Amino acid sequence: MEIRQILEDIKNGRKSLEEAEKELKNLPYEDLGYAKLDHHRSLRSGFPETVFCQGKADEFLPQIYLSLFEKNGEVLGTRASAHQYELIKEQLPMAVYDPISGILKIEKEGKIRKGKVAVCTGGTADIPVAEEAAQTAEFFGCQVDRIYDVGVAGIHRLLSKREQICEANCVIAVAGMEGALGTVIAGLVENPVIAVPTSVGYGASFHGVSALLTMLNSCANGIATVNIDNGYGAGYLAAQMNRLACKE
Amino acid sequence: MEIRQILEDIKNGRKSLEEAEKELKNLPYEDLGYAKLDHHRSLRSGFPETVFCQGKADEFLPQIYLSLFEKNGEVLGTRASAHQYELIKEQLPMAVYDPISGILKIEKEGKIRKGKVAVCTGGTADIPVAEEAAQTAEFFGCQVDRIYDVGVAGIHRLLSKREQICEANCVIAVAGMEGALGTVIAGLVENPVIAVPTSVGYGASFHGVSALLTMLNSCANGIATVNIDNGYGAGYLAAQMNRLACKE
Amino acid sequence: MEIRQILEDIKNGRKSLEEAEKELKNLPYEDLGYAKLDHHRSLRSGFPETVFCQGKADEFLPQIYLSLFEKNGEVLGTRASAHQYELIKEQLPMAVYDPISGILKIEKEGKIRKGKVAVCTGGTADIPVAEEAAQTAEFFGCQVDRIYDVGVAGIHRLLSKREQICEANCVIAVAGMEGALGTVIAGLVENPVIAVPTSVGYGASFHGVSALLTMLNSCANGIATVNIDNGYGAGYLAAQMNRLACKE
Amino acid sequence: MEIRQILEDIKNGRKSLEEAEKELKNLPYEDLGYAKLDHHRSLRSGFPETVFCQGKADEFLPQIYLSLFEKNGEVLGTRASAHQYELIKEQLPMAVYDPISGILKIEKEGKIRKGKVAVCTGGTADIPVAEEAAQTAEFFGCQVDRIYDVGVAGIHRLLSKREQICEANCVIAVAGMEGALGTVIAGLVENPVIAVPTSVGYGASFHGVSALLTMLNSCANGIATVNIDNGYGAGYLAAQMNRLACKE
Amino acid sequence: MEIRQILEDIKNGRKSLEEAEKELKNLPYEDLGYAKLDHHRSLRSGFPETVFCQGKADEFLPQIYLSLFEKNGEVLGTRASAHQYELIKEQLPMAVYDPISGILKIEKEGKIRKGKVAVCTGGTADIPVAEEAAQTAEFFGCQVDRIYDVGVAGIHRLLSKREQICEANCVIAVAGMEGALGTVIAGLVENPVIAVPTSVGYGASFHGVSALLTMLNSCANGIATVNIDNGYGAGYLAAQMNRLACKE
Amino acid sequence: MEIRQILEDIKNGRKSLEEAEKELKNLPYEDLGYAKLDHHRSLRSGFPETVFCQGKADEFLPQIYLSLFEKNGEVLGTRASAHQYELIKEQLPMAVYDPISGILKIEKEGKIRKGKVAVCTGGTADIPVAEEAAQTAEFFGCQVDRIYDVGVAGIHRLLSKREQICEANCVIAVAGMEGALGTVIAGLVENPVIAVPTSVGYGASFHGVSALLTMLNSCANGIATVNIDNGYGAGYLAAQMNRLACKE
Amino acid sequence: MEIRQILEDIKNGRKSLEEAEKELKNLPYEDLGYAKLDHHRSLRSGFPETVFCQGKADEFLPQIYLSLFEKNGEVLGTRASAHQYELIKEQLPMAVYDPISGILKIEKEGKIRKGKVAVCTGGTADIPVAEEAAQTAEFFGCQVDRIYDVGVAGIHRLLSKREQICEANCVIAVAGMEGALGTVIAGLVENPVIAVPTSVGYGASFHGVSALLTMLNSCANGIATVNIDNGYGAGYLAAQMNRLACKE
Amino acid sequence: MEIRQILEDIKNGRKSLEEAEKELKNLPYEDLGYAKLDHHRSLRSGFPETVFCQGKADEFLPQIYLSLFEKNGEVLGTRASAHQYELIKEQLPMAVYDPISGILKIEKEGKIRKGKVAVCTGGTADIPVAEEAAQTAEFFGCQVDRIYDVGVAGIHRLLSKREQICEANCVIAVAGMEGALGTVIAGLVENPVIAVPTSVGYGASFHGVSALLTMLNSCANGIATVNIDNGYGAGYLAAQMNRLACKE
């Protein structure tokens, strides 16, 4: 049950004050004992709370999904395992799972997406992180343009997509190893670039540190960085920026 | 001489094709020998090229300022020393220098600023970096709200400014030491937060690494990070986001 | 053997120079009374010896538990596996095992707990470490107040528990990722905060290093740090501080 | 503004849905009473605000001292330079400066100190940090016992002071290089040990990192760590613990 | 589209200012001839594309091999698993797999190799990386001289092979642990040495970092370094250098 | 080929300038007598070659053991697995395996050991590394005194063994976590201390780095450090030192 | 006095065998007491020994220059200060000093340079290191093409120089900050790229570590890395490769 | 006044018991207030206490020298500045200062040195550290053989000194940059090698860390490592080992 709906129901007399107050009593947060779901989030941020599935105990995860589904009518979970999908499917059979990105979600039908976000990767190994970003941005209402495997060691591949990339309100650049993709893109476009280092690589890539440092030290303007492999964070930021561009 | 002006002058016959071509011949970049000024930047990005003054040789800096001033009618320089100000002032007496932020600029008069960016700091020692960010955003057309010394060790100071911060299209959170400011702010607002770690601190702050890691690992949504002490980068990003929000 | 005696023995020829020199070599250690020292420590610390189970060989662990149980009538073991519980249960069927914290203990019945310690966590993933701390403090005689999932990205959850936290003689703040919980709490309370970084996180959290640095660099007063995931150490310190407060 | 009132206003048409939603956004923060909170903290912490002088601008420092002196009748400043002492002395001639610790203070006369804190150092080079800790603890009302140059490479020096150290409510162990002092002391006493790593050393001491890691990894119970060279933080914590012990 | 044409079109009113500005935005990229560039690169590099097998999905790998085989008549894959060999063998039965180096290749028959490359290792544990280098260089047309287990702790072993090593156009020095092999070789030969650190070792070898630093800091002239365990990169570089030497 | 001969050959025209220059290139290496050098080393080191079993391939290990056994009548292998023991036992049934230290050896009967080496550990978890050291020293002819679990958090345990430790020609101090054992011992004895950091610990012990730094930064005199977990290296050094002391 | 000259003098009877032998007895190295000049180097490597001036004592440097000048008729010194230039100029007035690169040299007149090496930089701040590389390669007989300020954040600047870069036998890519230049170049050319990270940058560039990691982790083929700021090493390697290409 | 002398004077009646006791009352340590001189050291270790001058305050250093001179008849100080030499010379005019090593000492005349220690360096820049080691070993009674500038990049220089090095009871190998000297020497000699990394180098040498790691990871047997630039520690260890070899 969503907040706006509750308010409308009061206005229209479809709901008593007592009922509404009871439903809103958990507004600041709902205390599940082991967890405190922040239902107030969606009011503050405009985006509903999501679930970081990795490491969540089997006994708690379904309850969290159910509670969020009830409040928001949809749920986005990240870093979910196939096993967790099985768990959730029992309770919420409409849940959809993408094993590549680890996204486990129930999404409102007919959601309208507007504003464009481009998601680029240096190589094919960066795609899982890129998909986490892309599907997060889509969940939060963006159109996403996927432009994969355009790493800077073959610069013509990236340049041939230049015009397409320039049309986005925000570009997410996902790259491991030396991670230079973001810098070259930021030199080509006018809108912000969110750089996501990935843990792809070996040896002195130090599980993504090399790419992270590359991105932080970019000599280009207009590039921001998130944590290694943090596709979700990039997708969320992109949705925020895209929303700024789409506001009327 | 700005590009748009050249094109208009051709259209209006105030300028011959030969003259215009000569003026535009350096459009992709102007080769100063030791440097290649990227005049095409302003077409691609909408913002003119700027100058990172630190370490620039005395014999080259004035020429760079002059060349950029001629093309764009204004120049923004960062990390300038008092000595560099003296150098530039001789050639461009209207140059303005702020010793706290190190900003050395010539700005077009009557620039209209629209859209709000908030710049917050954890402590007073973070102000030089915050000012670099604030003045960069202002140069690129934003209104800036300065909210300084609201570190999380006295959380009431930050909370009392909550409504003001929530109004910005983008918030820049500048903090050293443990750098937690960005996380708390990102939990309060709906728009993107750009976190700038500063090298303020001692011992295990490792010249800003502690604050940098805090920001990269933020448990809040909607937070992006730039390099340690990179106020300029944050200001540039904020101006890009603010521009998205102000587009009509 | 005292110096005067040695000197007299030399003078009287009862002792050779070589003998005297050898005796003087032992002089600073002679009067330490090792046995007394050992006994004394056990008396003073006031807390019985505990067992770090992780890595202890199967053939030795039961013997260690039996020996401590015989001496103290109770045993606290940390980082125990389910397999180790099986081993101990055979010998000491009253042993109790908590798989979340890894605490494997036999505790005296009717233990009176006095003085309050608060244990807070940033997220639900920090609970195993928090429970190690909480149960250790309880074993050593504290009342423990658990306040979990109050991370600073949703600061209202923490603020709503402020009064409860302020009542404790000592607060344990357990957090991974960016680890800012301790700083915010230390700004709210008058008593010491023990910060425990956890290895929760990914990428640039570097298995708890990010949280550790945050805590060491806290801009708040009254915050001390222990090793990553060291719930036991925090619980022990809290019990020491609580004992100071409860002394009559 | 409470939820029930908002709901009634909607029902009665006194409030639009948009207004109601905006008010609900502020809900978790509405009743915090910031001013009260601030006042409350200052009351509870029981210790007056102090000044970290290092890096404070000449134009601001005297004003800060004057303001705090007016409010509290005393001021404690740390990491002050001789130059800063000159500045303050002009305004507050009773100010006292200790060049070794960098403490610059005005202290109330006749302050009664109770409860004992012991401050130990490994070598003579650790004394500046130890004095910062000792004088901070004294300023906040502790009696301090200084036991310097008792590093573990000549263990008899430390052992000969054992009884004196055991009498303290809290022991501060200050050491650089390998930093093992805290561990040995924690094995001798019943009360908490606060370990302060110092940047004393060279080569692989990495400006205090070696000592810091030693202290975090201590195999002793009852030892907490603060930032490298953070004598003030240790003194503050010691004063908090000592206050717990001295409460009646 | 050239600048002169754009300017004329403006003058003649055939083009609006907006259109012109947009075209100028594309100007520096317009004449790159991406397709040509791509083709050109493939022609110039002179070496066919290769496959980094590790992490490639089962459904894609055979297709990649088939496609490259069709184009080039041969395929070099690195870091292949035995399982991947089984997959490829089904489609391309002539594929050859070396489990030590992980090389999985189909090579043109009768390839003529010219110019000599020497591959040296410090120990036997470095051989897998050395073989990746050696077989890569062979695939790209070099004769390879393998000189293994000549680490500097028994310097006579290396010195006894000096003349043989001196004959190579390029020497690849593969070593883990302290990684000093490259330095000693570079002091003996006149041609370039490519140093490959390996992750062989334990403790403070930090998975190859120790060897990497040794190589980067070599006090010898004529030594270049590649990533830890990057035998392929060293083999490729050696083939480039050897080709320079063999050009006629 | 000696210089004088080369010069005479030039003078007499028996040798061209080019030939002479080539021969002079080899000059500094010509007279090393590699075979002799090797033989000489083996004679001088006085200790037979040993085997680092970890990672050695099953097909090679038995051959290595057989070859060394034939040459020396005994073999010392370190870091052997139980599986490797099975392999060797088939060929050399008298082989003895110690699963704790991983030592797999065949030792000459009736070996006379002289001179004393003490091996101390901080805790029981350090024993595997200590045994590798102890058994290596024994294999190379030392008497070894094992003094385990005497960590500095209970300093009386170590002090009670002081006289025994002082009798050794060399002391090996094995410790993980904070690794302070070596410093305290070096302050008590007159002979060299070899400190072995172990990877025992968790969190900020960084797999032995904390203990390693402690040992390198020891404020005691007479302490040398080897790699993390390198019991063999410590045992070898101890045997060298002990041999110096036992020479007649 | 050069070796070839000695041999010719013997052949021509201008020098006795005794004289020649005496002169050659110092061949492998000349012992200056404090330093051992390796005159044999030029025979082995084909390039004369050079001088790393930084840190060399005033009393020794002129003697080293004189000795090398006598042997080789030219001297290359790197990292020289203006003060050192004054010292050398007194003895060798023909010495030439370049304050930007720190090169202090005496070069044979009329040296023929053949084969082309390209030296590229990302920014203008990288020029000192680039000049050290360029002048070293020139000293060792290469023609050098300087292509500066073509960093990847404005990729059109680099692309416009593509054909020129492709003509070189070897490309040196000098870059600080994120250091991505080498990767993009290696994707464009057929010959080896030597990447030189510079310490240009701030914050998380960690004095060149970021650029170093970028280069080591390059996803391009044919790229080798040298130490941070090691222009000399890159120039030397380039000269070796160029020599391979120019051999007849 | 030395301990042995005191004992003899008692025996011979030249001194009363009272006088002797007074003189010995400080035997365990002498408390100077700010420092606790450990006079018992010389009994335990056979070597008198020494002074680490760096950072010692001007008001304390002369007193420390005087006190140690009185007890031992000689003093060894390390890392002394020229200014400290001036201070000491006033009180103890026979003090001798070596500005290269920073050794400031008063040494007993006619000291007999026996047993040989070899001190080798990789380059001339390592000599200050080597001299600290050499003069320390000499002070403690060793003959020292200096073999400088024999780095492994010109291996023939080292090999030509092989026999001389093999004669030492212990070899100290001092090297910066890649630090491989110790490994090659340990492969040549039978006695222990003490490796001293120096902070010589730049870039990725990380102030000696590269050399330190090389030494810790040495693939040679019989090599122990001390802290970066710790010449004193190496000299002390060498003297201990040499003493073992010279004992009768």
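First chain written, first letter: the chains are A, B, C, D, E, F, G and H, and each begins at residue 1.
Assume contacts are C-beta pairs under 8 Å (C-beta built on N, C-alpha and C of every residue); 3 or more make two chains touch, one makes a residue touch a chain.
Just so you know, these numbers come straight off a predicted model, no measurement behind them.
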Chain G and chain D - chains in contact with each: A, B, F, H
Chain E and chain F, separation of their C-alpha mean positions in angstrom: 37
Distance between chain centroids, defined by C-alpha means - chain C, chain G (Å): 58
Centre-to-centre distance between chain E and chain D (centres being mean Cα positions), rounded to whole Å: 56
Residues within chain A bordering two or more other chains: 28, 40, 44, 154, 159, 187-188, 203-205, 209, 212, 216-217, 221, 227-228
All pairs of touching chains, each written as two labels joined by a dash: A-B, A-C, A-D, A-E, A-G, B-C, B-D, B-E, B-G, C-D, C-F, C-H, D-F, D-H, E-F, E-G, E-H, F-G, F-H, G-H
Residues of chain D touching chain A in the complex: 3-4, 7-8, 10-11, 13, 17, 20-21, 24-25, 27-28
Parts of chain B lying in touch with chain G, wherever the complex brings them together: 28-29, 34-36, 38, 40-41, 55-56, 60, 197, 199, 207-209, 212, 227-230
Chain C residues within the chain D interface of the complex: 28-29, 32, 41, 44-47, 156, 159-160, 166, 169-170, 187-192, 194, 212, 216-217, 221-228, 233, 236-237, 240-241, 244-245, 247
Sites on chain C touched by chain A in the complex: 124-125, 127, 148-150, 154, 156-157, 160, 200, 202-205
Chain H residues touching chain E - in the complex, by the definition given at the top: 122-123, 151-155, 159, 177-180, 183-184, 186-188, 201, 203-206, 209-211, 213-221
